[in-house]
Structures are given as C-alpha cells and as structure tokens.
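In the two complexes below, chain A is the common chain; its partner is chain B in one and chain C in the other.
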Partner chain A sequence: MTALARPWTRRPAAGAIEGQEAVLIGVIALLWTALGLSVDTFFTASNLQNILATVAPVTIVGVGMTAVIVTAGIDVSVGSTMAVVMVIVAQQLRDGGLAFAPAVGLALLVGGVLGLINGALVGYGRVHPIIITFGTLNLYRFVALQIFGGREVAGVPGTLGPLGGGAEGRTFGLPHSWLLAVALAALMWAYMRHVPTGRHLYAIGGDAEAARLAGVRVTRRLLTVYAVTGLLAGLAACCMIGGGGLVAQSAGTGMELQVIAAVVIGGTSIQGGRGTVLGTVLGALLVGTVTSAVTLLSWPNELTSLFIGVFILVAVGSDLLRERRRRSL
Partner chain B sequence: MRLTRTVTVGVAFALAAGLGLAGCSKKENASGSGGSGDGKIKVAFVPKLQGIPYFEAMNTGGRQAAADLGVEWIYKGPTTADPGAQTEVVKSLIQQRVDVLVVAPNDPDSMAPILKDAQSRGIKVMTSDTDAPNSVRELFVNQATAEGIGQTVTDALLEKMGGKGEYAIVSCGQTAGNLNSWIAVQRKYTAEKYPDAKIVDVVYAGEDEAKATSMAKDLMNAHPKLTGLVGECTTSAPGVAKAVRETGKIGKVFTVGVGTPASMKPYLMDGSSSTSVLWDVEQLGYLTVWAGTQLKKGTPLQATNKVSDKLPAVKYFPDQKMLLLGDPLRITKDNVGNYNY
Partner chain C sequence: MEEETNGAGGPLLRLTGVRRRYGGVQALRGVDFEVRAGEVHALVGENGAGKSTLIKIISGAEAADAGTVEMAGRVLPGGSTAAAFEAGIATVYQEPQLFGELPVAENIFLGRELRRRGLVDRAAQRRRAVELLRRLGLDPGLADVRVADLPVAQRQLVSIAKAFAHEAKVLILDEPSAILTDREIEVLFDVLRSVRSHGVGVIYISHRLDELTVISDRVTVMRDGTRVATRPTAELTIREIARLMVGHAPAGAAQRRAVPDGPPVLEAAGLSRRGAFRDVSLQVRAGEVVALFGLVGSGTGAIARALYGIDPPDSGTLHVAGREVRPRTPADAVAAGLAMLPGDRKVQGVFASKSIGFNISVGHLPVLSRARVWVDRARERAVASQFIDRIRIKAPGPATPVGTLSGGNQQKVVLARQLVRRPPVLVLEEPTQGVDVGAKDEIHDLVLGLADEGSAVLVVSSDLPEAIRLADRVLVVRGGRIVAEFPHGAAQADVLAAAAGDAGDQTPDQGADQGADQGADQGADQGSDDRGEER
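For the complex of A and B:
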C-alpha cells in the first residue's frame, strides 16, 4: 500500500513552479518585451485587455481539461458542449428575457449535465475517452443544430456583458472573465496539489488499475473531472456570449483544439500522471499572445498555425525527453 | 475486461451497420416513391450546408416560386460544409431521378464529375450561389458579380470615411473563392477610385464571430489611425461591428460588412455598422427555381427576362451561361426591418 502510494505522494515535495512553467514564463516575458519594442501600441490597456479577454474562455475550459488529461483522459467534446450551452442560453436571453444569474445558472446546469454524460460513459464504459468524447462531440453538435433549428440566434441582448469583452466586462481595467479564469485555476491548482482526492487524479493517470487497487475510487473521480469540465465549458460559453450579438451555428467549433493546445503547451503530459493548471494558464496566455501578435505585426495569418504547431511539438518533445530521463534513472 | 471490450466493439459495429442499412432502405423507399410522381417538374437544390439562415432564406424563396410555377421543389443539403457529405446528398438525388439538379458546390472541382454523371442520366444540371465553372452545368444563377459586391462595399465604407484614410478587412476562410475575388476587387477599386485610402491589412477569422471580434480589436490596436473595417462574410460582419461597439469607437471607426439583416440589425441601429451589403437571398431562391423550370421546358432565355414583379429584368449572359440576380442590396438602419432572415 505505502509502496504503491509513493509515486504520487512524493510529488508535493517538488517546487511550486516546475520546469516547463519557468520556461513558459520566460518565453512569455521575452515575447512581450519584443512586442513592446516593435509595436508601440502593445502595452496599451485596450490591447492587453483584448488578449486577456480572448484567452479567458480557453483558460476556463483548460482548468477542467488539465484535470482530465492528468487522468490520462481527454475531452474533445468541449466545443460542442459550448455550442449547446450557447444556443440554449442565447435563445433564453433573447426570447425569455433571462437575467444574469439565472442565465449563468442555466449554462452551468446544461454544461454540467453534458459533462456528466461524458464522465459516466468514460467511467463505466471502459473505452478510451477520445473515442467516447469524439462520439459526444458529434452528438452534442447535432443537438445544438437541432436547437438552432435552421436559424442563427441574432440580436442576443447584452445581459451577460459583465463577462464579455466590453467596458462593462472590466473592473480596474481587468476583464472579469480572465479574473474568473485565474480564480478557478487557483482553486483547481490547490485541489490537485493539496487535497487527497486531487492527488488521486495523478495516480489514475499514472496507472488506473494500480490506483484502484490502492483504494482510489477511479470511477467517481473520472465522473467528477468530466462533469467539472462540462460545467466550465458552460461558464466559458457565457463569456463567449458576453455582450450579446450573434450566436451562429459555428459556435464553439475548434475550441477543443485550442484548449488541448494550451494544456499541452503548459507542460501537462498527454499520457497522464503529470501536469499543472498553472502551466495551462500560461499556455493559453502564450497562444493568445502569439495569435494577437501576428495581427499586430501585420504578418500573414497562417503563421499563427506555424507557431502554435511548433510550440506543441516542442512541449510534447520536451515532455517525452523528461519521461525518458526519469525512466533511465 | 478484454471480453467486455470485444463485446463493446462488436455492438458498436453492429449498430453502425444497422444504421447504414436503415439509411439504405430509406433511400430505396424514397427513389421508389419518386418514380411514381404526378408529372410535375422536380427541381432539387443542394445547398452548401443545411440549416443556416442564408440557405433557409433561399429555401423560402424557392418554395414560393415552386408554388407560383406549379413545380415540385426539393431542398436537401449536408449538415456539415463538407464536400464529401454534399456529394452523398447529390448522389441520392440522382437516384431519385429529379428533373433539374441545382447545386451550390462546396468544392466545385470534386462536384464536376458527379454533375456529368447526372447529365448522362438525362438530368438538367445547374449551379446557383456558387459556380462550378469547369463542369457541364448548363446554367449558373449568380447572386451578384464580384465587381458588384466589391465596389458596393468599398463605396459604402468610403462614403463614411470621407473618401480617405486607413481601413482593414476581416475575412473568413482563407481559401474561400468568392470572398477572395471580392477582396481583389476591393483592393483594385480602392486604389483606382480612392487614392487617399489604403487597405492596411487583410486577416482571416474563419467562420468564427468571436475570433473576428478579437482580430478586429487587434487591428484597431495595431493601426491607431484606422477609421474603417470590412467584415467580409456573415460571421465577421457582426464580429467587426461588435468590436467597434465594445471598444467605444462608434463614430470613429466605421464598419461595412456582408451580413444577414437579422444579425446586423442591432449594430446598424446603434451605428457600429453603417451598411450591410447583400443580395435578396429569397429572390435568389425564387430565380433558381424559375431558371430550372425554363431549362427543363426548353424555353430559351432572353437577354433580359421578366421573372416576377419583384424580378422584372433579370439579365442573361449567354457566353458565360449565367443569369444575374441584379445589383447588390444596401441594407441600412432605414430598410433593415423589411427583411426577416
């Protein structure tokens, strides 16, 4: 029992900021310095606010996704989950005149239920999560399209504006959505680092069978992480609706890839067992900065894909190198 | 454990096979009932994507025309904007032996051989909304020329910008042929007619409204002297307007876009968008059915055709085998209420 427990109980002894995170902080600092020098408007409030408000939804979902990937799972259905939440909430805001708090509550409820379905299928189904969530990605998208019913939701009122990218979405110049993302990340960071059931996520990712034999309630933990990810996708959907306007059928498309990119660039091992939410926050910030920088510098758009691709390969490569070094010890 | 997995996979395959068979038998039924039609001309239209407002508006117009002209209208498209999925729909319609097959191809080149197959089975083939120029299609119903859209967008924006200044374009798919042809016209026309105006950047946001908003803000940050933004498609048009609204630059930065009336209405009303340039999509659907009916009846098209009261003079260009809906529509806060899509 103690021997089995050791590989993960040992980890809290490591420093609060680990290798990949230190590297990321360095890269982001360098990038911001370079951008500050080459674009005179980079360090203006409006620019930094735009970057932070844009990365907020990715970060919020990334908080849940980090926990999922640490259990050696993955959830590729988050974009479709967001689409379902966005269309339901947008229609209720416009046609039902829903107020702020009930709208957020509805979003959390719908997102949470969809996440719970993923969790139940992964926890009890014993099929690889990528297959399950790839299935629900398509299913949820179908559900969303059915609810759209052939019409996009135009003229959504600005009820959720306090979570959006406009002036009402900021306090002391900082976007609420990003502050929320950071607060959620801090909670998840503390949970995964200091709470026993949070540590269990690493154990499941290391070896689910061994974790089960050691007394970890694997199914319950999996149910929870997928449900939480769905819940957070619902919250991110509220930020995307924000100041209102148009919710089109393409809502949330490709979100899963942005989120997984942020998590992987943040140093979380796609094989499970390793990774932190802090890395994900930094990963999302790096991706957001690069996307914005390409436009700020008037470079051709497609370079964004090149840079993000390189970041992912470097991040995964260095993870594999670390893994090999650890094994050879 | 291993056994359960095998069972699961087996069940999944069985289900998939079952669904596939069900799909087939449904198709058989459809073609069976299709054969015993009541002699009405059957005009089928395959949009790029079913369920989006643009094509639903075409469907509304098509249905109206079918009722007026006494033909049968079939509207059936893929649920994803994927050339493969669209090909399947077209093939199933060929099986149903429709009289006229109209396609708005997602991928014109891969659609060409299928249209040829349809023609060899005696079906009249047409394109509408988007052309397949290297195909056997006998007619293309064009909503507007690239010149018409590009010049109208440029004029509408530069009227607001006072004929001078810097502006940028937020486009959508980087490979979208029609958007790129409009942008090419905008570049050329701006250089010729407005020498004091300059396009400082063209960016691509995909079909993603939130990304268009974020990129429009980036553009305003990168170019502090920017006074104009163009949203080139129906998701980026409201996207750029939202960016102007959220940054409080209404009246300082003007936007013009190619957007649907319903999605642009709030922005047209508060001034974050000045004009939306589009065409009457319902009339495009109407004209498509009318043209298909003429084609099947073998009635030759005139240089100018009276289609209906709303389409009194539709021009035909025999060298390109093209019908042109007319001049683009300028939607502003004054007339946006007349359209419900």
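For the complex of A and C:
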C-alpha cells in the first residue's frame, strides 16, 4: 500500500511563528539596536511610550483587518468609520457629559453598526469588497462631516484619558491602548488558529465556493469579520480621542492605508487565505518605529513614505516569489 | 462477487422524478435513480447527459425543480450540502475542493472539525488524518504539508481522503481517475472495494468505461437528461455501454467531401510531452478536416496546446507546409502559420467588455494598421461588419460588446479572429463547447467551408457527434497516445468504445500507426466477446 508514498520533506505548516514573522522580528530588533546606538533619545521611556501609543489604534483596527483580508476581502472604510465614531462620541462627551464606560459603549455601537453594514453589503452583495467599502468610505465620511456641521469639535473633556497617550493612559509605563491592542490581537490569534469558525476564514479566502460546499457558513462569517472590524475601529477611535481636546474634521483620514500597510507588511496575503495577527502587530510596530526614527533623526518626513512603500513592495514581492516557487512544482 | 453484494439490502439512496432546468436547457427530465448499500454504481453518459447535475442535486449543491431525493427512506431538503452531509452523503468533486494555504490534516476536517471544548483539536485531527492517509496508501507525513505544496494528483487523493473521514454511507466520486496514474487508480479501487464491503454505496462517475467493468457492480447510463438503462455491469460489454450512451441517433455525418491529394500541411511526428502525451504523429492535408477525439483527461487538450506553443513538447518534430517549426509561444505558432481556437474561451478567448470589432482585430493589428502603429478604426469596423454578415454573428453591429452575445455568437467572433488572415493550418479546440444546437450547425458549416477553401483543419473535440460529423478522419486519443483511426462515416459506438478503452490491453505500447490500424479493425468487426480477460 505504499505505492503512492513519496518521501516528502518540507517544513510543517503549523509552526507557531511563521517565516515572515521571524523576519519581521529580526528587522525590528535590528532597527531598534541601530537606533539605540545612534540616537540617545530612542531608548527613553517617553519615546517608546510614544511609539506604542501611536501604533495602538493602527494595531487595534489591524486585528480586524487581518481577518477581513484573510477572507480575501478588504475594508477601506475604517478611517471614515473612525471619523463618524469620533465626532459622535466627542460631541456626547462635551455636550452630554458622557462617562467613560458609556462613551466606549457608544463608540463600539456606532462602529459595530457601520461595520455590520459593510458586512451585509459584502456578504449578500457579491460585489468585490474594495468597491463596496470604497463606497461606504465616502458615505461614512459624508455622514461624519454632516455631524461635524462645518466645525471641529473643540474642548472635548479628558474622559477617555485612560485610553489616550497621556500619563493617565499608562500602567507600569506601558500605554493602556497598546496593551489593549495586544490583548485583542491575542484573542483574534487564538480565534483564527483554534476555533473552527476562525479556521473557516482561511478557507473562505482560499476558495469561497469550495468553503460553501464544505459546509462553511460563508455569508455569516463575512458579516462577522466586517462587523468586528467596525467595532474595533470604534475602539481605536476612543484611543484617538484619548485625553480630549480637539477632534478635527480630518479625523481618521488615511487610517485605512496605515492599517492595510501594517497587515500586508505583516505577511498577510492580499489574495486571502494566509496571514496572522501576530504579523500585523509586528507590521504596525515596524511602521511606527520607522516613523519615529525619521523624526528623531531629523530626516525629512517624506522618507517615511519611502520606507513604508519599500516595506510593502518587499512583503508583496516575497509573497509572489513563494507563489511562483509553488507553481513550478 | 458483484451478485451477492447486489442482493444485500434495499436502496440506500433513491431519487424519484428529478428534474432540473438551467435557463433554456432541460438538464434532467425526470430521473429515477437508486444506489444500494454495498455496491459501486457507475454513472456514465456523454458530456451534457446530465451526470454532473444529478450529482449536484444528490450532494445538495443545487436543488431540483421537481422530484425527491431520499436517504434510507427519509426525504432530504433540496439544495443543502449540510443536510446531505448529515444524511451521510460525501462527495468528491472533479475539481479538488481544497484550501491551498491549510495543511492536509486541516483540509480533511474543514467544515467538520474535530473539537475539544469548542476548539479545533489539532492533535486528534492529525492522528485521524495520518490514519486515513495510511489507509489510502499515501505518505502519512503529508498530514502537515500545505495543500498548495502538493502535486495535483495527490490533491485529488487528499480530497478522497476527506470524503472518507466522516463515515459516509453514500460516497460520490466525480471523475476521480481523470488525473490519477494507473497505480494511483489501483490504490483507489482497493479502497473502494474495502468501503463497499462495509456497506457503503458508491456512485462512480467516469468516462473511462474500461475502469467501470473492473470496479462497478451496476451501471446507469444517462443520455440527454434521462436515464436510459441501469444494468448489472457484468451483463454489458464496453461496446454495449457505449451504444447506450450514444443512442440510436443518426450518425449525422456530413457528406463526404472530396479531399484534394497533396502533401500534408501540418505534420507532427513523434511528439511527446512528459506526463501529457507520448509519440503523437499526425498529418493534415490542405482542405482536410481531421478530428482528434478523446475523452476528458485523454490528453487531446495537451496535444493542441503543444501544437500552439502554449506547453511545448519535449520531443518530436512539427512541420507546417514542409518547414520545420518549433513554436515555444503562441506568437511563434501564429508566425509559423498556425491559428488556434483555444478550448477555454472564458480564459483565453474573448475580451467580453470589448466590441466585436476589437475582438476580431486583436492579434491582427499590424494588418489593420497604417504604418504599423496606428490602428485604423474605420477599417477595423469594416472588417468586423464583413464578418458579422459572413459568419452570421447575431449582433446589432461591430461596436456591440462581445460579453452581451450568446455563447455561440461569442464563439463565432473568436473564430472570425482567426480568419482575418486565412491561416494555412487551423487548430480548433472544442469549437462548439457551450453552444446551442443552431449555432453549432452554423459553426460546423463554417469549419467545413474553411477546409473547402484550402485550410488544413484539426478539430480537437470530446464531442463525439461533432468529431464524426466534421472529420474526414477521426484520430482517437486515449492515455496520451493515438490509439485508433477511423475513416469518415464511422459509427459513434465504435469510436467511443475505442476512446473509452475497449480492447485497452491490446493497442498500447506500439506506434501510433499500428494502434490506428487495430482501432480501425475493431471498428469494423468487433464483437462483444473480446473483453473477457478484463473481468
């Protein structure tokens, strides 16, 4: 009965840390070492806290975006979703005197509803998610601007300070927002790795029709991942409001690109079916480090774009090379 | 051995009066069908006979318009793969339904994960997967390998393992052998015999009739959406099955055309490509139509792709009009004077959103352009209009997007593209696939007309009536080699029997010419008795 047996030596697929993640850890370690040696202010508490607090909202949304992209989808509306949440919550904090918990609850509710709308359109619409969420990107932005009513929201109280980047947003020197991001990432990591419906996300991204035939509830899963991404955008919005002050009309603009960059740099395939949340956490951290480094070194800001662009192309390129190697089997 | 198992048990699965229509096509016209516990039930029929539709309905992938599907006496709700699965029906589709990025073990249990406290129990899944792979004669080490890293044949075996993972009562195998090697098929058959002895009912779909006589207990023949016969396999010869498949339809051969004598315009000698075809030699003269007929997986498509430079041959020679050519890309083939109508139009043929004019002129832009850089749109339109009239494309005008046309008319557009500059050699792969009957006749007339005007035409087809109708000679391909040649006017059943493996133990391992002679002999005087030793 060994007629079909062929020796097969290949790295088992189920290792806890995958190739791209190991590479990212290496690159980040290298960068931090180099920066630590060349810039005395890099390894200061305030700088590291600043990096983590900046990276936190991107990571939080990235946790949901990873799941979305693994299903071969994408959500480019997250920035607009955050804008809607931020303006509504900021106004309520200022005018309604909302307390911390209700404010977060409101943010989650609004974000979740907007995400659910995306999920319903993607799940039932059978139109490519980039088109649908591009539509809602504009739609949600319009809604946000309507609520802004032509004015930024100024004088927002510091109710959400514990989630912000200030001193009250830290425990043992670590920003709460980043701890939260890591906790959420761990949850999503466990879900996508160990829970059946989480594994199904990879199946949907691999081949949605085959997944359906295998008994996966495709529409329900899509609905869920977009709703969760909206929910997380709501949470990230709370971090952005943070210590209060001003919420400008441009709130959340470009967020989707930062998040997608983090996910892609983290090794998640934009074609779906492969990717991990750990990669996204590292991808966001790398982007944050580079941004900070450019500032600390007083290099021109546009270099940040250059580095991020190169990272994305390298990540996508290595993905392509893997694919090619496989084809040639 | 078949008889005893057949006697055991009533029907496990029973279909009654199942109908299904797709648009204007009645795919199933009231089919009754049953599978007993402990039998391998072969389901055969020509392309379009309704086998795949029947399978989709049994597996719940689609709902029937009318009729019922019962498992062990209980009627199943239509159109639910989950319900069919719960009832014990497992399906191995023709295309492996696997997920490339997931390891084999996870693929096997996807959708039905083994759980422990709500979480995926990877360890248990891995253990069971290893067990299953062993049983299927596969390397148990594959359990941890990503499916994308496996060769295609092994993927197919993994999808079979997946079907075995859940103690199915009815197992459906849709052309499982199309991409398996003989040895792999042997292993598969061993496994089927073993599940049969455990009371599983197996529905086995295959074009290879020689296989059926080896593995199946009963055979059901379908034709035009109806069940024409269900008989114990032992009572039928391959030729009889072939005859039931094609029916008593008139051969429908076009009038024999006078083929002018002359040297071959297309001449292939000893073409081989590893894993696809071996030692293929053929000649087509100017004005001649030669059909390369073979069942799905026989290698005809690969031969066509080799001629056209898509997947070049490893060895052998190719001459066009006496000149040796070695096309390594389609552009080479075009330059050498070959034109090809590819088999998968959706992928290779039409630019759906573009106009008829664009679709016809693309690939001929130098001819249609001034000073070779500027496409003369007026001339493009004029050429398109001319073809719309000439080959009766039903469309308002040359600016109509091709995507809005019917399949048959799209096909004509692709054909027209090859005719802008009349090529000396025309290779047509499945020229009427997915085309309705009326358009089919028109395309056939067109092909014959081209030959009359002096083109050498090679038609690669798995559509038997088409091959017989069009061709001055039919070359039958099986297992990657030409095994028989029939003259114009051959009987369908003879050609099909040759393609499906009748006398399969006699013809192979010899040159194409010798095989051809034997095939022709069979066509002439073959009885039903010469397959005895196969059983």
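Heads up, the rule we're going with is that the second predicted complex is superposed on the first by the 314 of 329 C-alpha atoms of A that agree within 3 Å, B and C clash if a C-alpha of one lies under 4 Å from a C-alpha of the other, contacts with A are read in each partner's own complex, and residues count from 1 in each chain.
Simple rule for what comes next: contacts are C-beta pairs under 8 Å (C-beta built on N, C-alpha and C of every residue); 3 or more make two chains touch, one makes a residue touch a chain.
Small disclaimer: the values here were computed from a predicted structure and weren't measured.
Engineer: Quick one: classify A:V182 as touching chain B (first), chain C (second), both or neither.
Structural biologist: Touch status of A:V182: no partner.
Engineer: Which of the two partners, first being chain B and second being chain C, lies in contact with A:G245: first, second, both, or neither?
Structural biologist: first
Engineer: Let me test your reading of the model: by the given contact rule, A:S292 touches which partner, first (chain B), second (chain C), both or neither?
Structural biologist: A:S292 contacts chain B only, not chain C.
Engineer: Touch test for A:G206: chain B only (first), chain C only (second), both, or neither?
Structural biologist: A:G206 sits against chain C, while chain B stays out of touch.
Engineer: For A:N50, using the defined touch cut-off, is the partner it touches chain B, chain C, both, or neither? Pick first, second, both or neither.
Structural biologist: First partner only.
Engineer: Going by the touch definition up top, name the partner, chain B or chain C, that contacts more of chain A.
Structural biologist: When the residues of chain A touched by each partner are counted, B comes out ahead.
Engineer: Determine where on chain A the residues touched by chain B overlap those touched by chain C, and list them.
Structural biologist: Chain A residues touching both partners: none found.
Engineer: Mind pulling up the chain C residues that touch chain A in the complex?
Structural biologist: 59, 61, 81-82, 85, 91, 93, 97-103, 106, 110-113, 115, 118-120, 122, 134, 136-139, 141-142, 144-146, 148-149, 151, 154, 157, 183-184, 186-187, 190
Engineer: Which stretch or stretches of chain B touch chain A in the complex?
Structural biologist: 1, 4-5, 8, 50-53, 56, 79, 174, 200-201, 203-204, 206-210, 213-215, 217-222, 224, 234-235, 238-239, 241-242, 245-248, 260, 262-263, 265-267
Engineer: For chain A, which residues are in contact with chain B within the complex?
Structural biologist: Going by the criterion above, the answer is residues 39, 41-42, 44, 46-47, 50, 53-54, 125-127, 142, 145, 148-152, 154-155, 164-167, 240, 243-251, 253-254, 292, 295-298, 301-302.
Engineer: Considering the complex alone, what residue numbers of chain A touch chain C?
Structural biologist: Interface residues on the chain A side: 1-8, 10, 12-14, 194-196, 199-200, 202-203, 205-207, 210-216, 269, 273-274, 326, 329.
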